[in-house]
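Encoded as structure tokens, the structure appears first; notes follow it.
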Amino acid sequence: MEERAMGYYSKPLKQEKVIRDPVHSHIYIQDQIIMDLINTTEFQRLRRIHQLGTTSQTFPGAEHTRFTHSLGVYEIVRRICDHFQRNYPSKELGDGLWDDSERIVAECAGLLHDIGHGPYSHTFEHIFRTNHEQITQAIITSPDTEVNQVLSKMGPDFPNRVASVINKTYDNQQVVQMISSQCDADRMDYLLRDSYFTGAQYGNFDLDRILQVMRPYADGICFKMSGLHAIEYYIVSRFQMYLQVYFHPISRSMEVILAHLLLRSKELADDFKLNQNFNPTLLMPFLNGTFNPETDLQAYLKLDDGVLNTYFSAWKDYPDSILSDLSHRFIDRKPFKSAKFNNQTEDLIPKLQSLIEAAGFNPEYYTATDNSYNQPYDVYNPASGHQNAQIELMEKDGSLIELSKASLLVRTITGKDVGDSRFFFPKEMLQPENNVELFQQIYDNFQRYIKNDSLINPEEN
Amino acid sequence: MEERAMGYYSKPLKQEKVIRDPVHSHIYIQDQIIMDLINTTEFQRLRRIHQLGTTSQTFPGAEHTRFTHSLGVYEIVRRICDHFQRNYPSKELGDGLWDDSERIVAECAGLLHDIGHGPYSHTFEHIFRTNHEQITQAIITSPDTEVNQVLSKMGPDFPNRVASVINKTYDNQQVVQMISSQCDADRMDYLLRDSYFTGAQYGNFDLDRILQVMRPYADGICFKMSGLHAIEYYIVSRFQMYLQVYFHPISRSMEVILAHLLLRSKELADDFKLNQNFNPTLLMPFLNGTFNPETDLQAYLKLDDGVLNTYFSAWKDYPDSILSDLSHRFIDRKPFKSAKFNNQTEDLIPKLQSLIEAAGFNPEYYTATDNSYNQPYDVYNPASGHQNAQIELMEKDGSLIELSKASLLVRTITGKDVGDSRFFFPKEMLQPENNVELFQQIYDNFQRYIKNDSLINPEEN
Amino acid sequence: MEERAMGYYSKPLKQEKVIRDPVHSHIYIQDQIIMDLINTTEFQRLRRIHQLGTTSQTFPGAEHTRFTHSLGVYEIVRRICDHFQRNYPSKELGDGLWDDSERIVAECAGLLHDIGHGPYSHTFEHIFRTNHEQITQAIITSPDTEVNQVLSKMGPDFPNRVASVINKTYDNQQVVQMISSQCDADRMDYLLRDSYFTGAQYGNFDLDRILQVMRPYADGICFKMSGLHAIEYYIVSRFQMYLQVYFHPISRSMEVILAHLLLRSKELADDFKLNQNFNPTLLMPFLNGTFNPETDLQAYLKLDDGVLNTYFSAWKDYPDSILSDLSHRFIDRKPFKSAKFNNQTEDLIPKLQSLIEAAGFNPEYYTATDNSYNQPYDVYNPASGHQNAQIELMEKDGSLIELSKASLLVRTITGKDVGDSRFFFPKEMLQPENNVELFQQIYDNFQRYIKNDSLINPEEN
Amino acid sequence: MEERAMGYYSKPLKQEKVIRDPVHSHIYIQDQIIMDLINTTEFQRLRRIHQLGTTSQTFPGAEHTRFTHSLGVYEIVRRICDHFQRNYPSKELGDGLWDDSERIVAECAGLLHDIGHGPYSHTFEHIFRTNHEQITQAIITSPDTEVNQVLSKMGPDFPNRVASVINKTYDNQQVVQMISSQCDADRMDYLLRDSYFTGAQYGNFDLDRILQVMRPYADGICFKMSGLHAIEYYIVSRFQMYLQVYFHPISRSMEVILAHLLLRSKELADDFKLNQNFNPTLLMPFLNGTFNPETDLQAYLKLDDGVLNTYFSAWKDYPDSILSDLSHRFIDRKPFKSAKFNNQTEDLIPKLQSLIEAAGFNPEYYTATDNSYNQPYDVYNPASGHQNAQIELMEKDGSLIELSKASLLVRTITGKDVGDSRFFFPKEMLQPENNVELFQQIYDNFQRYIKNDSLINPEEN
């Protein structure tokens, strides 16, 4: 590697440093560049962005941030490299084994893979048309960031190499798959970490065992057949975490409120300037649509969860009743209620919206539908272009078998969409705060459409 | 109890509700009043205030908030009441056993004991002369808060009763000691919780065992002699958490920076008004000294960690170089370095401050001393007025022995101050960022005074 | 209950006693009868019988016994009763809720459900035609046992009632299903316990959550719909434990050796008498087929794992070469190797047996086939007579849905046999200990039939 | 190293093998010799010898064996070697750093350090004058054992080198201290393991942290000053495990019964021959005093816990009433009661013994005194000859400070004997099984001498 010649690569720390982490016990830092990246302002900013957004409204322990997750991904990458170098060191070019000179680029990519995330990423991106993957690339390759300046000490091409690992165009597929595949360091860390902090035990698969059965091969990373059940369990863990944690209706309800709140603020962008106390200075480029990720990286990097919450808190007193009420519901945790619907009951929604409107709520801001579906495991489909997505198992004689062919359990859930579709509406429709007799009939009517957490057609039941 | 007659107390939830918590597995909510208190805006605000302030700068997992801690204290109180009612139910007035009609006041006090905390409490109070205990009382007793309105449904006197448990003037000492004593629900939850989230294992004592040996008696709460070692271990755990986590030099260094930053902002209060982008609107009553806890409770309740961090982030670009630099150091985690000193070496500090000044740093903002000392266990001393502070063990025949009389280990550390005194200074004094030859001699001179993490007199060594 | 009148039931312990348990933290003993049962000689005997037989040969931590498992089942039953009594107390006869006067019979049945197990139960029963369920009934109802004498203090009919809970003929289905159903205290304890002691994390489902969603109804026990995923996860955990732990080929291999060893000893029964040093006195009634569970209960109760191992150790020096060699393989852990086979490859086995015989091993003792299959979840099938086997979920409106109808994951594995069929043979066939050139050709030939842990037909590959 | 030339040392396994272990997650086996040692008959025998003897009578989960402990010690040694090689590799002879060619001897010594233990070691040795350390040396160096034969493949001198590490005469003090010092792999594994299996949390110190701060130096192994509190916590953990687990009165009571039982069997040695059913064949060399460790190693190796228990079970029916009763008490867990005594109350013991005799118990077999004391930490005392016993901390400048000089907590307990002296007697003296009026006066008199778990002089109280 040319970097080696530049003297930076040869700067392992004299003695490794450790960061205490409740999930992995310790994060071991062995190279100066890793320490320097952690100390950049862009990376430190991840301390102020929660990993799970509104999920802590349902699982209050889930207050962990993208900072610790990023450290965790780095640590898992580091352990994979150790395991590969100990058990599968490359002896000659092209033997399909592990070339440890790839370690540093893999570790940097693991550490930085989420560097472009902003506050409440999912909803924010949806409303403001930003893209955290694009911004990740920009942070790594733009000469204005501290991250880029640290990476560049390894050589002028090094930032691009790290960025290409993250966007999966790097030529060494072993490195790419460590960071991005169906069983990668990213997913493994977030399952363990989200499980630890939520207290939901479902994501608690056996990391040590998975690392033990993981191995490099010519086309990337596969797993020894003896690890079949450990992988199977990991897939089911992920599936469970989606159903139990990531798709929890209360968290989705809080996201619905957040989305409507941001949407309303966008509509009020011009008004805010009139009242300095409510003016969301740092959000303005996004509200008025002038944000350009190429030129305004710093504007994006100034945002974090606390900044947004600070605006929301202030807006509780804003004169627009929709903005102030949604801000109150978001900040003080007054989630919407929801009910499942399906193809048969979807048609009931307009009727329900009209009842909600009759009860005094603007349906545009006070109702929503949300589909949460995910495929717990997905096999390569040429049409979908998900190359290398599938998990391969290696038999003792070196032949490969795709996971769903070897596992009944995985086969069942392969390619299946799991999750549900929900209709969200104000809690008041079910639990009127004051028995306003005026609306009682509307409430009663509305409630006939909800049974066992689902929409039903009262005429048919 | 008169509350019972009012119909509220008799509103146990039809079925208990649970909140997932990684420390206690679940928090069990059995009464409507507890659910209602959790849903108040004042209680929800605790979600935005970290339990350990700057400690997450050292132990990055420590991102938990006062919200989950408060739930945890409630849960431990609930379990103590269950245990007391099962094993030591009062049969007649004055028998020194447990009267379960005290349960609801105990549970409310456990839930609300920290309701008055604000952002970065310790430092904030020090700089702005606020007092979270006083504010806790105000939140509970002021008719303007949602907390007070919920409590009042139990009876007009109920808020005062809850407040008096928290300020230790309540007449039932069993209830008071559940919340405030050397082995209370508050300390037990925070040790377990801080241990869980930091990943430092030291606070991980045996809660189930302690609850099992805890018992009521005429003067409060004591522990069966068979639980001696469990209590001993708890005391040592607390001692270790102080030394290893709460007194960690890096966290204290970040607090030093925070204190200087807040102090500087106070000095600049009038200037901020000139530049709306930097104006810390919500902090203003504190910066200009007009805050009055009696009348401005709402101003206090608008603050949280995110609000302060939002101002600090903005101030990184403020024209005052001290404010902007300290903001940068705080937000981007550039801690001061520190060295221990003692009575002998304290005199060296002015000399060091002058070297620091010569290197271009204003010592008022760029140096500090900090003493972190705590007594892991403290026996009742009539002079100190800490009545009931001591832990009592009950022999099989009912006689009581104070803990330090029964335990060699505890006796050793009883009343001892543990911790250290440190002198804080810019990292640049030890690790110049650019080899400014101009200052090299100053740096070299300075470094002669530091050895093995302590100040030394280079002339004597 | 008539027992109450007898004064025994009204003997709750003055203060509950606790036994430390690593799985449940503590076992809480609240009644004198439970303490008395634990202290019987029949129950203490369970300390000398491992829970998992030969599994500790694969997972060396799995050295736990039926003693701690039985305590654990009792503890889970106790917690279920607490939860039912707190949330679903019966108000009138036939309301389908929980009648807490059933608690003591449920707790006794939970504690005693495995009291009839002997050493290496599965294999022992297979070879000697004993039946631990029959013996459990005998121990509880025979007037000669200490267990019966303790139970009888509750009333003359009490032992029969406890026995009828265990054999599922008791009239209260809530009590029966606590002990015996697809999600009962027995299964829940052994999954958690086997997971804890083996270190295999797969059985680590969320007990607290399951208990929380469990509820009594008219026909037994069901689960709230909100607990769907917790139940799903429990089913998958069980499935994984079967595949990963209970069906592990090495453990099964050791059981195969044990079975052959016991079989051989049966054939040698008459010879043993000639040499007192090798005579398995306590096994004799089983070897010569005179054991009668009705009259010889004490003979059965004298056996435990250590007694059998003591004979096996001695037999390592016995003049019969098959007995001594199998004893050596069992005691010194020299497992057979194995390969999977299926319908297509089953026909190869005779050919392989002849090769094994040619290499000097008697195939009757040195080869075996073993099918390990289990259904992770089984729906009620009128033909199979498994009444009440299925798991029911209760919707908010009280309607019931069978688990596999609500869960895609469970539906997939419902009624499916999982596991494999294996052919076992001496390790020497793959790894000759001494390169006996004489047999080299036989070994080479044999090895052509094994590929990727499975039998293959070398002619077709 | 000369071994290298012999080709064995250069036989690392192609791929490391793992053994699942609940304490360390996995044991990693990387060399053929380690695998071969584990497979020896002498090492497999450790599966049948419990780590904690009678402790499982108090903490029923403590059913783990010396087999898993020995694997655990090996694993910790392996991790220390990894850490030393990564951070402190020796560059030239005598630089005080780690020479990784010492790894294999260290790992073998760790694995084999307890190979000489027999059943119920402590009591067995006391009664039969055997010595497990002497037998460990014999097993390793005697050419008749499989262990010796495996070790000898490394070179003719290799067994002696491994043996010398264990008896502390090996020249490399780093290797010796890994296995035997106040913070060695042996102690670290047993604290963690005993804590895990008992469920007592007290031994659960922070292994990862200790390994991280451990370092080699010229005279052995020391710890970085930054690890002071981790070491302190480890010392306190050990102290707590002694008080709470190892010295538990019930376990000691069962040992007292065991000792008396073995003593009685010794006295009856000649009688046993008359009744073959009760004849303890394998114990005979010990009962009649003919055992010679030099020549009878195989006789010793035939014993295990199950063998002894098998004899005890049989003896429950032996015609000698003392032997049969003590066997019953041991096998069926009927512990003696006990009371603490001190210098002042020791004189009461003869009086109590005469009361016990009057109640029908032979005091020689039915009473005992036992002192359990241990020093949690011991500083080097030239007189005591415990060279290198003390724990050294290394400052940043390389200077060393002995632990108790740096830690208040450790200083307090240094050299202190902790534990208690107890007088053991039959439970019947406190809880007569049948109210034999004949003895009531004796019981009443006896009970006057016991108060709060201690002997008292009733005349003085």
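Chains: A, B, C and D, in written order; residue numbering restarts at 1 for each.
Assume a contact is a pair of C-beta atoms (placed from the backbone, for glycine too) under 8 Å apart; a residue touches a chain by one contact, two chains touch by 3 or more.
In this text, all values refer to a predicted model and were calculated from it rather than measured experimentally.
When the contacting C-beta pairs are counted for B-D and for C-D, which pair yields the higher total?
Answer to which pair has more contacts is C-D.
Report the chain whose mean Cα position is at the greatest distance from that of chain C.
B
Return the distance between the CA-based centres of chain A and chain D, expressed in whole Å.
50
Report the inter-chain centroid distance for chain C and chain D in whole angstrom, where each centroid is the mean of the CA atoms.
So the centre of chain C lies 32 Å away from the centre of chain D.
Using Cα averages as centroids, what's the distance between chain B and chain D in whole Å?
Comparing mean C-alpha positions, chain D is 43 Å from chain B.
Can you list the chain D residues in contact with two or more other chains?
As it turns out, chain D has residues touching two or more other chains at 25, 200.
Can you tell me which positions in chain B touch chain A when the two form their complex?
Residue list for chain B touching chain A: 19-23, 25, 39, 41, 44, 47-48, 56, 59-61, 63-65, 67-68, 71, 196-200, 276-277, 279, 281-282, 302, 304-307, 309-310, 313-314, 331-333.
Report the residues of chain C in contact with chain B in the complex, numbered from low to high.
Interface residues on chain C, with respect to chain B: 15-16, 18, 25-26, 86-87, 208-209, 212.
What residues of chain A sit close enough to touch chain C in their complex?
My answer: residues 200-202, 204-206, 225, 229, 232-233, 236, 239-240, 243-244, 395-397, 399, 408-409, 412-413, 416, 418, 451-453.
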